[in-house]
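These notes open a run of structures that come right after.
Across the two complexes that follow, subunit A remains constant while its partner is subunit B and subsequently subunit C.
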Partner chain A sequence: MKRFDLIVIGTGLAGLTAARTAIGMGAKVLIVGRGMGALTLFGNTVDLLGEIPPDTEMEEGISRWIASHPEHPYARTGWEGIESAIAAFQELFPPPYNFAAAGRGNSLLPTGAGTMRPTWLIPVTMAAGAAMTPAETLIVGFRGFKDFQGDTVSLHMKCRGVTLPLPRYGLEGLTAPALARLMDETSFRERLGEAIRQQMAGERFIGLPAVLGLRDPAAVLKTLETITGARVFEIPMLPPSIPGTRIFHRFREELIAKGATFRMGHPVSGAVVKDGRCEGIRIDNPPLVAEYRADRFILATGRFLGGGLWAEMERIIEPVFDIPVFQPGERGQWFGERFFEPEAHPIHRAGVVTDADLRPVDTLGRVVLANLRAAGSILAHHQAIEEKSREGIDIATGFLAAKKALAL
Partner chain B sequence: MTKEEKPVPLTKLPDVCVRCATCMAACPVSRVTPRFPGPKQAGPGAQRFRSAAEASVDDWIDLCTGCRLCDTVCPAGVPISEMNMMAKAKYLDERGRTFRDWLLVRSDLFGEMAARYSKIVNPLLKKKVVRWLLDALLRIDRRRALPAYEHPTFRRWFRTRQAPKGGGPEVAYFYGCFTNTNETDVGKAAVEILEAHGLKVVVPPQRCCGIPRLGVGDLRRAREMGRRNVDFLLRTVRGLDIVFSSTSCGLMLRHEYGPLLHLPGAEELARRLFDICEYLLGLHEEGKPAATFQPIPLKAAYFAPCHLRSLDIGLPALELLRRVPGLDVSLVEAECCGLGGLYGFKKEKFAIAEEIGKDLTEAIARMKPDIILTDCEGCRMQIRHLTGLKVLHPVQLLRDALERQGEEIHRVPVESFNYLG
Partner chain C sequence: MDLQTEVLIIGGGATGTGIARDLSLRGIPSLLVEKGDFTSGASGRNQGLLHSGGRYAVNDPDAARECIAENRILRRIAPHCIEPTDGLFVSLPEDGPEYRANFIRACGAAGIDTLPLSPREALAMEPRLSPRIIGAVQVPDGAIDPFTLVVENARDAESRGARILIHTEVTGLIRDGLRIAGVRVRDRITAEAFAIAATWVINATGAWANHILRMAGLQIGLALSKGSMLITNTRLSERVLNRCRPPASGDIIVPNDTVSILGTTSLRAEDPEHYEVTPAEVTFLVDELSRMIPDLKGERFTRAYAGVRPLLQSEGTNDDRTISRGFALIDHGSCSGPAGLVTITGGKLMTYRLMAEKTADFICERMGLHVPCSTHVQRLPGAGHGHTLKDRLLRLRRQTPAAKGEILCDCELVPREAVDAILREGKVRELQDILHRTRLAKGTCQGGFCVYRLLGLLNERSKADHRGGSNRILKGFLEERWKGIRPVLWGRSLKEEELIESIYKGLFNLTPAEPGGPGGGEA
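Entry: the complex of A and B
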C-alpha cells in the first residue's frame, strides 16, 4: 500500500493549487480526481471578487468585504493569503502566456453572451478585451461553429461582426478543441489572419472565440496581431473551455514533473477513519478498490457539478467523509423563484464549515477530523457565481490548506 | 452466452451525463475530424435515442478508437466508452464485419505460425506487391509498416532457456501476443528485470486477452477468449501474483473481464494482476529486495499510453525510470498516439490515426530525446512509424541499467528491431 505525506482529493483549481503548493514544500503528494475537474467548465480568467465596482482598488474592496463577511472563505485567508497565493499562481504562467491584472481594480471583459463581465487576472490572449471600445472592434465568428454566435455577441456589444468560413474545406461542425488544435498550426492561423484582414474596416480590436491554440496561444495571438495590425482578444464561451484546459495542462505538467502521483478517472468511494483522524482513502476502479494512506488530506471536490456535495431528498451531504454540511433550510427553500435571479439561490450557501485552519467543523465548532482540510468551492458561506469569486477562492484556500496541512 | 450472463443494459445511465462537454476536450478523434461527433454525442447523447428493438443508425460509431480517455475526464462517472462499445457492437452485429476485421483480430492464431516461418513471412510482408494487394483487397493501409515476426517466440525462448538457479518468491508473467511473436525482447527484459529483483518467474498457459475483439465490437468472442484465460490464470493467482507488460492486455484482464464481460472469477483474478512497473516500483518503495541501477546517460521521453491512463495507477514506469542515475527522463505532453490498436492499420481510418499522431510527433520533436519509452506495443509501433526514432518498453531500458557484477553492459539491440516498412 502506497503512503503519501498528503493526499489531495479533487483536480479542479483548488486541488491543483493545493498539490502544487505541497510539492513546493517538499511533500510526497497524491492527487486524485473523479474526472478532470471544473477548469474545462469555467476556467478562463481569475476572478477575485467581481462584485467590487471597477473603480475600487482590489485590496481595499476585499478587505472591506472580509470585514462584513466574517464567515466567507476570504476571511480565513485574509488579503495577504490571497495575494501570496495569486502570486504563486502567476509564477506558474511565465510570459509569453501570462496572467495579469489590467488595473488596480476589476476590469470588464466581453463574454460569449455579448455582455461585459468583471474579472481580475486576465491571460495575455484576453488582455486587449479590457481595452476595447465597441466602435473600434470587429467580432469574428466561424461558420458552422455552434459554440460561439458572433452575430449575437456583436449585436449585444454594439460592435460590427462577421462570420467567416474556415480557411480549409470540410471543417464545419468542428469543436473548440479541434479549432484550437488547428490554430497551433502556423499556416492555418496565417490564412485565418489574412481572411480577417480582408474584412476589416479600420477596426483597432478584433474579438474571436477563445480557441487561440492549446500549445502556444501567445504565438497564435502574435501571428493574428501581426497580420491584422489590430489588437486581438479571445472571448470566453461555452464549455469545454480552451483557456481552462491550458491551465489544467500546465498544472498537470508541473505536478508530474515535480514527482506528484496523478490519478484521474475514478471516484474516492470512502475513507478509513480512526481516532478522529483520516488514515486513508479508497478509490473505486471496478472490480478493484485501491487504498492509499497519507498523513494529511485535503478535500477539494467542489460543489454539486464536481461531486463534492450531493443533494438527497431533504438534506445535502458530503459523500467522501460524510462530514457535516451547512444546510440551506428545507428543500422547499433551496431555490429562488426564477433561475436567473440577482440573489444567489439558497442552495448555494451549502458547504463545509471550517475553523481558521480550514479544518471542517461540526455545528458546535468542533474539528471533525484532525488531519483533514477543505479548500475551494466546497466551503460554505460564499456565493462564487454571484460574487464572481470562484478562482480566487480556489487558489487562496487551496494554497492555505496545503500550507496549514504541512506546517506541523 | 446464456441469458442471465448477458451484460447489464445501460439504459438508465445516459441521464447521469450533465452535458458539460469535458470529454470533448479529451477525445483525440473528434479533435481531428468532424466526422466523429465526439464522446458526448456518440455516448450518452445518442444513447438516449437508442433502442434494442430498432436498427442502429450510428454510422460513425466505428470511428471511436476505444482509447477510453473520455472516461478518465468525465466528472459525472458516465461510462462513455462502454456506451460507445455497446453501440459499436450492435451496429456491427447488424451490418456485419469485413473479412479484413475477421482476419486482423485473429492475429493471435496465425502469429505462432508466422513466427515459425518468419524468414519467409517477413520479406513477403515487405514486398510492395503484397502490400498493394493487402491494401486493395483487404483495405489494410500500405503506408503502415507491418510488424515483423520473430523466431523463436518468447514462449519458446522461455521454455528452452537455462533458468537461473536458486529460489526466491515466484511471480507469474502475462506476456501478451505481440511480445510473444513480434517483440520478444520485451518479454526477455521483463523476465530479466524481475529476476534481478530476486523473483523467480513462471509463465502460465495463456491466450490472447481478447481486446482486439472489443475493437470490432465482438463481445461474444471477446468473452469466449476471456473465459479461457480466466480458467488458465485463476489456477495461477491462487498462489501467485501476475504481472503484465502490455498495458492494453492488462486493462482487458483487470478491468474488462469483470465489469464489462461479467466473467465469473474475474474479480479474483484482477486482485492479483499488476502492471510490471507498478509491481517493481512497489518493491522499491516497500524496501523489499530490489535491483540497483547503473548510470545511463541518455535523454529519454516517456509517453503514457491511453490504456495506462485508464488503468489509473499513476505513472509507475516514469517513477521507476527516475531511479536510473544519469537518465534524463520527462513526460511527453501529448494525449494519444492515434494508432488505436488495429484501428490505424485500416485504410479508411489511416488518415485519422496519422492526424492524431501529429501532436505527439511535434511534442517529441520539441524534446529532442535520444530514446522514447512507452509501455504499449501499439504506441511503440506508431511512434517508430511517425518519428523513426528508437522506441522501447521501459523494462528494456531498466534491464540495460541493471548493475551486474563483472559483466559488460548489455546494450539494447535497438538497431536489430527489424521493423518492416
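Entry: the complex of A and C
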C-alpha cells in the first residue's frame, strides 16, 4: 500500500494549487480527479472579485468586502492570504505567457456575448482587450466555428467585424481544441494573419476567439501581431476553454516534474474513516478498487457540476465523505422565480462550512474529521458566478489548505 | 389595414386550425387569428397521448367511443404525426383485479381492442415496469405530435384559400345592432391595430373562451384545470403506460420520440396565462409514477410544463376528473346573445377534428350549404414524412453534405440549413417561433448552447440589415427556459444548470440590468 503525506481530491484549480503548494513544502503528494475540472470549461482569466468597481484598488475593495462578509471563504484567507497565493500562481507562469493585472483594480475585458466583464489577472493573450476601444477594433470570427459568433460580439461592442473562411481547411463544424491545434502550426497562423491583414481598415486592435494555440500561445500572438501590425487579443467564449486548458497543462507538467503522483479519470468511491480521522480513500478502477493512505486530505471536488456536491430531491449531500452540507431551505427555495434575479439563487450559497483552518465542521461548529480540509468552490457562503471570484477562491483556499494541512 | 372574411376563427390551436381546414375543404372562406404562435394553449401543452379511449371506458363510455373512432381516423389522415406505440394498462396490487375485469369488459363494449397480458409477458415487453404488477392489458394507445398536427391543418387550410394571422390578438368585437359583425385586432409585434369584418365569428380559444365572451358581455360555465407534466431525458418505455384504475393524477407515461412525458396533475386554475408547476406537483408525479417504474427517481428530468384544460362545468361537482371531457358548440344568437357568434370549447386534443366537423356543419347549415365533411378521409399534406429520430438522421444525411453541414443544435441535430430555410420563408417573427418549428433547444441542454449560436445567426442577419444588436432576446429566452427547468432542478439537471449559469452569468456577465462599458449596455 502506498502512503502519502497528503492526498488532494480534485484536479480543478483549487486542487492543483493545493498540490503544488504542498510539493513546494516538500510533501509527498497524490492528486486524484475524475476529469480535468472546471478550468477546461471556464478558465480564462483570474477573477478575484468582479463586484469591486474598476476604479477601486483591489486590496482596499477586498478588505472591505471581507469585513462585511465574515462567512465568505476570503474571510478565512484574508487579503494577505490571497496576495501570497496569487503571487505563487504568477510564478508558475513566467513570460512570455504570463498573467498580470492591467491596473490597480478590476479591468474590463470583452466576452463572446459582446459584453464587458470585470477581472483581475489577464493572460498576455488577452491583455490588449483591456486597452482596446471599439472604434479602433476589428472582431474576427471564423465561418463554421459556431461557439464564437463574431457578429454578436461586433454588433454589441459597436465595432467592425468580419467572419473569415479558414485558410487551407475551410472546414465547417470545427471545435475549439481543433482550431487551437491548427494555430500551433506556424504556416496555418501565418496564412490566417495574412487573411486578417487583408480585411483591415486601419484598426489598431484585433479580437479573436480564445483559440490561439495550446503549446505556445505567446508565439501565436507574436506571429499575428507582426503580420497585422495591430495588437491582438483573445475573447473568452463558450466551453471548452483553451486558455483554461493551458493553465491545467502547466500545473500538471509542474506537478509531475516535481514528483507528485497524478491519478486521473477514476472517481473516488469512498473514504476509510477511523477515530475522527480519515485514513485513506478508495478509487474505483473497475474491476479493481485501489486504496490510498495519507496523513492529510484536501477535498477540492467543486460544486454540482464538478461532482463535489450532489442534490437529491430533498437534500444536498457531499458524496465522498458525506460531511455536512449547508443547505438554503428545501427544494422549492433553492431557486428564485426568475433566471436573472438581483441576488444569486439561494442554492449557490450551499456548500461545506469550515473552521478558520478550512476543516469542515458540522452545524454545531465541531470539526468533522481532524485531518480533512476543504478548498475551492465546494465551500459555502460565496456566490462565485455572480461575484466573479471563482479563480480567486480556488487559488487562495487551495494555497491556505495546503499550508494549514502541512503545518500540523 | 382592414380585412373582410366570411368566417373569422379566433384561436390557432387544434380546434381553430381544424375548423379552418374543414371549412376550406368545403369551399368556405375563413380567416384565423391567433394571439401567439400555433399551439400556444392546451394544444401545445398536453401529454401528446393518442388515446385509445381506454381511460374513459369504465366511467364515460360515450367519450371512449368518440376516442377510439377519432384514434382510427387520425392514424389514417395523420400517420406522420403518430407513433403507433400501443399502450398498457398496468395493474398494481393496490389497483386490484376487479377494476381490470371491468376495464376489459367496458373496452369491449366501446369497441376498443384489448389484449390481456400476464405480469411476465408485460415485464418482457416493458422491463422497467415494477415487478409488483399483477397484470396488464394492451390497448391501441399511441403518441401524437400536436405541433405538426396543428401546423399541417393550418398549412392545408392556407393552400385552399384560408388566411392565417399569428401574433394577432383580438381586442374587441364589432357589433352591428344585434349581430357581431367582426373583430378588432392588434398585431402584437408591430402594435398595428385593424378591424376584420366577418359574417360569423367562431370563438375557438379553449381556456380563453370566456376572455373573448366577456367582450360581448357573455359568460359560459367553464372550469380551468391545470395539468402539470415532466419530461425525462431518455425514453422510459416503448409503449404508453397507464395505471389500470379509475382515472386519477400521476398515472400516465407517454413515450415521445427519444423522451418520455410523465403526467398529469389536475388543479383548479383561475387564469389561463399565469400558472406554474409547483415543487409539490413535481414530487407527487415522481412519487406516484415511481410505483409503475420504480427506478424513476434516478432519471434525469429535462423540463416541467403545464397546460390548462377548459372543462365544461355541470352543476354539483367539484372534482375536475369527473367533469365531462365533452365539448360544447354554443350559438350565442339562439340563447339571448348576439347573432353571428359561436363558441366551441371543452373537449380534448383527441376530438379536435370532430369539434371542427360539428362547427363547420353548423356554419354550413346556417349558410344553407349542403357540403359534407371530408376531414376524416382527406390526409394531411405531410402524410408520408416521418419525424422520428431515424427520419431526422436520414434527412440530415441526405440534405447536408459533410463538407458544409453546420449543426446548430448538437443535442437534437438541427442543421443551420433548417433554420435558414425557416427564416427564408419569412413567416416567423420572434425567437420562440423558430424554436417552435424546429427541435432546437428541446434536447438535454434545453438550448443552453445552441441559442447562443442561433442568436449569432440572427445577428448576422440584423447586421446585414444594418440593425443593432441586443442581448434582450437571449435574456428573454433564458427566462422562458427557466420556467421549464426550475421545477426539475436536482440531480443531473442541476449540474447542467450550474454550467449554463456559469456561461451566461459568469463568462458572459449578463445581469438583470446589464452594466455599461463599451457597447455593453442594451441596444
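Criterion: the second predicted complex is superposed on the first by the 405 of 408 C-alpha atoms of A that agree within 3 Å, B and C clash if a C-alpha of one lies under 4 Å from a C-alpha of the other, contacts with A are read in each partner's own complex, and residues count from 1 in each chain.
Rule of thumb we're sticking to: contacts are C-beta pairs under 8 Å (C-beta built on N, C-alpha and C of every residue); 3 or more make two chains touch, one makes a residue touch a chain.
What you are looking at is a predicted structure, and each value in this text was computed from that prediction instead of being measured.
Aligning the two structures on subunit A places subunit B and subunit C side by side, free of any clash. In the superposition on chain A, contact of A:Cys159 is made with subunit C only, not with subunit B. Taking Cα centres throughout, subunit A sits at the apex of an angle toward subunit B and subunit C that amounts to 90 degrees, reported as a multiple of 10. After overlaying the two complexes on the shared chain, residue contacts for A:Pro342 are found with subunit C alone; subunit B is out of touch. Contact with both subunit B and subunit C is seen for A:Pro239 once the two complexes are overlaid on the shared chain. When the two structures are aligned on the shared chain, A:Lys388 is found in touch with subunit C, with no touch to subunit B. The larger set of touched subunit A residues comes from C, when the choice is between subunit B and subunit C.
In the superposition on chain A, contact of A:Glu136 is made with neither subunit B nor subunit C.
When the shared chain is aligned, subunit B comes close enough to touch A:Arg263, but subunit C does not. When the shared chain is aligned, no partner comes close enough to touch A:Glu190: not subunit B, not subunit C. Within the superposed three-chain model, A:Met116 lies in touch with subunit C and out of touch with subunit B [touch as defined at top]. Using the contact criterion defined above for the overlaid structures, shared-chain residue A:Ala178 touches subunit B, although it does not reach subunit C.
After the two structures are overlaid on chain A, the closest C-alpha atoms of subunit B and subunit C sit 5 Å apart. Overlap of the subunit B and subunit C contact sets on subunit A: residues 38, 41, 171-173, 238-239, 305, 307.
Those residues of subunit A whose C-beta lies close enough to touch subunit B in the complex are 2, 30, 34-38, 40-41, 170-178, 181, 215, 238-240, 242, 245, 249, 253, 256-257, 259, 261-267, 283, 285-288, 305-307.
Across the complex, subunit A is touched by residues 278-280, 283, 286, 297, 403-408, 449, 452-453, 455-457, 459-460, 462-463, 468-471, 474-475, 478-479, 481-482, 486, 489-491, 494-495, 497-499, 501-512, 514-520, 523 of subunit C. Residues 18, 20-22, 24-27, 30-32, 34, 38, 71-77, 254-255, 258-259, 266-267, 270-271, 282, 285, 309-315, 318-319, 322, 330-331, 333, 359, 362 of subunit B touch subunit A in their complex.
Every residue of subunit A that touches subunit C in the complex is listed here, in rising order: 38, 41-42, 44, 50, 108, 110-118, 133-134, 144, 146-147, 149-152, 154-159, 161, 163, 171-173, 236-239, 303-305, 307, 310-313, 330-332, 334-335, 337-342, 345, 347, 384-386, 388, 390.
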